[in-house]
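Same chain, two partners: subunit A is paired with subunit B first, then with subunit C.
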Partner chain A sequence: MEEKRIGVYVCWCGTNIAKMVDVEGVAEEVGKLPDVVVSKNYKYMCSDPGQELIIKDIKEHNLNRVVVSACSPRIHELTFRKALTNAGLNPYMFEMANIREQVSWVHTDRKEATKKAKSLVTAAVARVAWHEALDKRKVDINPASMIIGGGISGLSAALEIADAGKQVYLIEKEARLGGHIADVDLTFPYMVPAAQILGPKIKRAENHPNIEVFKEAVIEEIFGYVGNFNAEIKANGSESRSLEFGNIIVATGLKPFDPSSVDLHGYGKLPNVVTSIEFEKMLQSGKIETRDGKEPKNIAIIHCVGSRNNDYHEYCSRTCCMLGLKYANQIKTALPETHVYEIYADMRSFGKGCEELYDATAKRKVMFLNFDQREGIPQITKANPGDCCEMLIDMKERLSNTQIEVPADMVVLLVGMEAREDAKEVAHHVGVSKCGNDFFIERHPKLDPVATTTDGVYIVGSCQGPKDITDSVAQARAAVARVLAAICQESGEVEVTPAVVNEDICCGCQTCVNVCPYTAISYDEEKNVSVVNEVLCKGCGTCGSACPTGAIRSRHFTDHQILSQIKGLMRTEMQEV
Partner chain B sequence: MEATDKNAKPKIKMAVYWGSACGGCCVSVLDVHEKLFDVVAAADLVFWPIALDIKYKDVEAMADQEIDLTLYNGAVRNSENEHLAHLLRQKTKILVAYGSCAHMGGIPGLGNFHDRETIFERVYDTTESTVNPDKVRPQTETKMKEGILELPEFYNDVRSLDQVVDVDYYLPGCPPQTERLVEVFMAIVTGAELPPKGSVVGALEKSLCDECNRKKTDNKTIKEFHRPIDIQDDGETCFLEQGVICMGPATRGGCGARCIEGNAPCRGCYGPPADAPDPGAKMMSAIGTMIDSNEEEEILKIVDQIDDPAGTFYRFSLPGSIIRRKIL
Partner chain C sequence: MEEFKPTIVSFLCNWCSYTGADLAGTSRMTYAPNIRVIRVMCSGRVDPTFVLTAFNEGADGVLICGCHPGDCHYHEGNYKCLRRYHLLQKYLQQMGIHKDRLRLAWVSASEGKQFAKLADDMTETITALGPCKIKEVMETLT
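Now for the complex of A and B:
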């Protein structure tokens, strides 16, 4: 076996890591580990000089393995793998230890953080010692694409790809295309009717020769990899169809927050407390009226329902403020005498034309009342029979610092957006990760916002996080650019990670045959061993963990690699015992 | 006679020692039957407590590396086992961890599901046949008027031999198959090329299923686990496919599948194949994939049917496995 020569590079990430971790100490300590030939620290490893440092050392010190201890491998693993390739090393002879997201950003004790960083780097060194050179495989890219979700994002993407002359399979769960926008009256900030935006798109999509629309569709299964996906789709209750395509755009959208759980707002109990969804319907019908058909004299619009509140969702739903302003304008236009109260926590009118709409709304005698989420949310109660209104909203107005009662005949709750209940199912089908709020996670929040960690799978629109139409369409078109680029190249590289069977050890127990989700394993009766079909195998590793003999290995995730990593991680702990 | 032949190769010096063991390994050495003549023709047994009256001090008096081959059986449970492990390592050229206990801890290794205190409590206080009102416990030193009496110290952990001293080879089994011992022994005395240090010898690369003659299919789906006594074994179908836990897939072959031939599932005494460092974990992962349900409650019910899972999956391998012991 060749001598192992490992180079370790500890990144400061400016002050991001260095402020909480003694990077010099870590580099020095790790330098003492067996097989470590050089161990250095540097301000920005991902910068060009940082990468150059690695390349120079590989050549000068004859390194054959490299560890970079910096940020998450999701951000820069590819960067450093490329550096290895440039230096003539196989890119898989690399391991990354994440001491930023997993250490410096989450700890407050410098000594403990430094200790943890040492453990993580030691683990990476122990693992990289067992790394093996792996190749990439060239695969043809099927020019067809599957788009999951027929809302504004999915429609925009579908039309753009279809217009470029490529086949699109557009999968919609509901009986109609259009998604949530179909239930919207006017759009902010320019008050363009949603139907005007959506209608032509739906019509075009349904009649486009390159788009096949599946409504009331259920995805039974998706398997394969970039360029070569297969899916079983059942639409309209008919027989399931097999589709083949090369890329997937996930545009599954969102679900409005259900305010029933917010007791103080009385939704579901007070008849004239309605959600923004219900109010849109009212606007679409052209009649703003209470349940008993009266014209409301006072309408209150409550912001941040289910959003920016630790009891519900911590995040901002991004569209509700503008929606609230849009409502105030629509109400003032339809019912000029009606008092409108915007009961808001913070007004967030960012974006082109949005602050202008805020300003214009303020000039229309709309009353803006501010509340502090930390001090509780406005409470809605039924007014007394003698009162001039149907309901009273009890709140502490922050700017005047007074407890006030706001009269209301109708209350509109600006409900936030949340991830759909079937997000988990979709994530499983296409192999994307979800954040804590169940929105799908992009490959890089800034530099790669529509790709995912699964090659060939893109996320657009509100399935990635709350978004307005403008941003959703921009994302959809960004994803299309990526998909068309892949199609243009006609072929792409995939990681070769199919499982391998060591025939000297495999005993033919066939435990692996049934566990393979891709039916890639069969049993060779003559040799009494299992055989992996490399074309079907996706390298998921299920067989490797099921194999009781250790005969099946998942490349780059072998038992030796993982166990060495664990031992490395526990090294300091073990010494202390 | 061969023994008086002046041209005959000089005899090798051989020792057999039992650490924390049941005696079965020593008996397996005797089980060579008539081959014993070949053994004594080629080797002088210089130390073998079960058969010969040779004292520890006699071993201590030997020169370093004077013994050519030591078969150390048994786990390391107490200070006496440990002392002899070090002593024999010093005096021996080729030290073989002989049998499951020396190899991975074996049955005594199940003591690592407890600690010294809980074991003493059970043995000296709570067993149904114990009367010990003064709570007397074994002491390493007891002062009597005649002098100090000593007992080995009972350790908290059971260890495999290689967790105490450097081991040259492992010959697994509970006990090892005598034929395998003879093969290994003859290889050493005839000066055949020996495998790399640290190898498992006298066993196969492949796991037991490879030499098991039962019918195996990919139909390993289990709705119900059974103990062997609970089923009407058809004598032909893979035990796992009948819902009986058989450690065969996670166990090295080489025993000749003798338990299976006797219609009993494999218990795992030959230890894991080369690339499966933790047979218990490997087998649990495999069993996990066989459970035929996706409902959490049903899965729990099915898993509950496994009698003594820790003892089943780690019957012979607890100290030598990754988890080593239960933390109490």
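Now for the complex of A and C:
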């Protein structure tokens, strides 16, 4: 049997790990384990010098297995696997111990944290000893793509791919393309009409020879894996159709926050309290007027409705501040005599041209009134008959520290963005995860913001988190770059670890056939054994735990590997089984 | 006598629960340091042998976490885990292992807070039960 030569690398992650875990102590202790040839600690293992250290050691010390003890494998497992490949080692001869997300960031007792880190690294060493070289599977990439959602993000992505000469299936739930932008009048900060941005895109998408648009479409099911997806789509109530494609871009967008639940704002009870969505329609029609057709003398714009408030959503919806400034300008242009009040919690004008818009708006005699979310939100009530206005807004103005009443004939609520109600369904179809607010989770928040943990599935626009048009389009085009790169390569490597049957032990009971969720296992009557279809198998391992004889091995999650890991955790000496 | 600090071996599925545990970290929530995590692709991969081995090696508790029902990345692996869990509970009790020492919970990728609480609850339960003696019993028998 081949001699096991393991290298262990304990990362400081600057101070992220080192402040709570005695990294030097862990490296020293683990260095005493059998088969461990080198055990080192370094400030940033994921940095180029960190990876170089591993590559150099693999060559110098003839290492054949590597353990990195650092952040979550979800962050950097691929980085280190690549380093192994660069050093000429099979990338699967690697194991990661998560001592940041699951140790240093969650524990407060340095001694206990260090003890836990040692235990996890010991377990990783015990596991990696049983790792075996695995091949990646090469798959062809179908050059067609499916884009879910025909809003500004989906349209931008569709056109870019189609212009590159590749087929696009654009799936839209509604009867028209355009999404929420179709209901917007002008866009901030440059006051360009949304129709001017959207109209040509819709027209081009609908007539593009490489784009097939499905409206009022329902996705019945999506199967497959990167390069080789297929789906059943039902559109316009017609027969369902099967589509084949290699990549998926999810651009399902957002749902505006419903302010009915915010009692103090009186939405649904006071007729002239409207949402930003309703106000946009008013602007599109060219008439700003109250329900009874009067010109409002006082308009108040309330910010952060449903956003940045722990009773509703903790997050910022990113677009409302600029929307409020845009409205102030549009009102001042249409009705120069009307008083405009911006009732805001914080003014966040971070985008290009946005601080300038804030400055310009302030110069147009718009009144800015600040409130503190923690001390309560503004309360809107019907004014008394003798008052000069329809409604009164009772609020504590933060900067002057006074309780004031603001007159209003119309109140515009800047409603935030939330995840769509069908996010769960979409997530299930394409195999992506959702965060606590039901927005989809990217593979890496900084280094891989449009990819997901499912190869060939990308997320763009507000389905990933609240976004303005600029950012949505940027994300859409970023995802297109990834998709086109994959198409150009014509084939890709997939990380799959299919199950394998040891025919000598298999008794032909077919337990595995019944538990496989992908019908990837069939029964060979002649040989009386189970057979795994490696293309269909997704490596969940449920057959491995059901097999009564141990004939099925879940590659990279074998019984030996996991049992050794358990024993390593419990700090017992590894024994050759 | 030294204060009893239990060791709890935990099997987390890659897609929901492991991500949830990572989220507890990125959100800087704190919880008891007694949980030792082993990542599996799916809770359906948790072979009863893994649980028995953990106890046999001296674990005081075992925690299995998977995606919520209906959310499994592999459609239904968590249901298979649930079935095995019920059978395993019966078997463990016959072995003299208290049923609270094995727990199955659903933790989604967004439930960092729930994971942290689960870790604390489980630690509290196992601390109250005291050390699991099955390892010593097995050693006496063999």
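We take it that the second predicted complex is superposed on the first by the 489 of 577 C-alpha atoms of A that agree within 3 Å, B and C clash if a C-alpha of one lies under 4 Å from a C-alpha of the other, contacts with A are read in each partner's own complex, and residues count from 1 in each chain.
Simple rule for what comes next: contacts are C-beta pairs under 8 Å (C-beta built on N, C-alpha and C of every residue); 3 or more make two chains touch, one makes a residue touch a chain.
Source: prediction; values computed, not measured.
Asks: Between subunit B and subunit C, whom does A:98 touch in the aligned arrangement: first, second, both, or neither?
Replies: So A:98 only meets subunit C here.
Asks: Between subunit B and subunit C, whom does A:563 touch in the aligned arrangement: first, second, both, or neither?
Replies: After superposition on chain A, A:563 lies in contact with both partners, subunit B and subunit C.
Asks: Tell me which partner touches more residues of subunit A in the superposed arrangement, subunit B or subunit C.
Replies: C
Asks: Does the superposition put A:528 against subunit B (first), subunit C (second), both, or neither?
Replies: first
Asks: A:506 in the overlay: touching subunit B, subunit C, both, or neither? Say first, second, both or neither.
Replies: Only subunit B; A:506 stays clear of subunit C.
Asks: Where does A:514 make contact in the superposed view: on subunit B (first), on subunit C (second), on both, or on neither?
Replies: first
Asks: Between subunit B (first) and subunit C (second), which does A:545 come into contact with in this model arrangement: first, second, both, or neither?
Replies: both
Asks: State which residues of subunit A lie in both footprints, the one left by subunit B and the one left by subunit C.
Replies: In the superposed arrangement, which is not itself an observed complex, subunit A uses residues 515, 542, 545-546, 559, 563 for both subunit B and subunit C.
Asks: Within the complex, which stretch of subunit C touches subunit A?
Replies: Against subunit A, the touching part of subunit C is residues 5, 7, 9, 15-16, 18-19, 21-22, 24-26, 28-31, 33, 36-42, 44-50, 53-54, 57-59, 71, 73-77, 80, 84, 108-112, 116.
Asks: Which subunit A residues qualify as touching subunit C in the complex?
Replies: The touching residues are 72-74, 98, 100-103, 105-109, 112-113, 115-116, 119-120, 123, 424, 428, 431, 433-438, 441, 453, 515, 517-518, 538-542, 544-546, 554, 557, 559, 562-563, 565-567, 569-570, 572.
Asks: Touching residues of subunit B toward subunit A in the complex: what are they?
Replies: Touching subunit A: residues 205-210, 216-221, 238, 240, 248-250, 253, 272-277, 279, 282-283, 285-286, 288-290, 322 of subunit B.
Asks: Enumerate the contact residues on subunit A facing subunit B in the complex.
Replies: 502, 504-511, 513-515, 523, 528, 542, 545-551, 553, 559, 563
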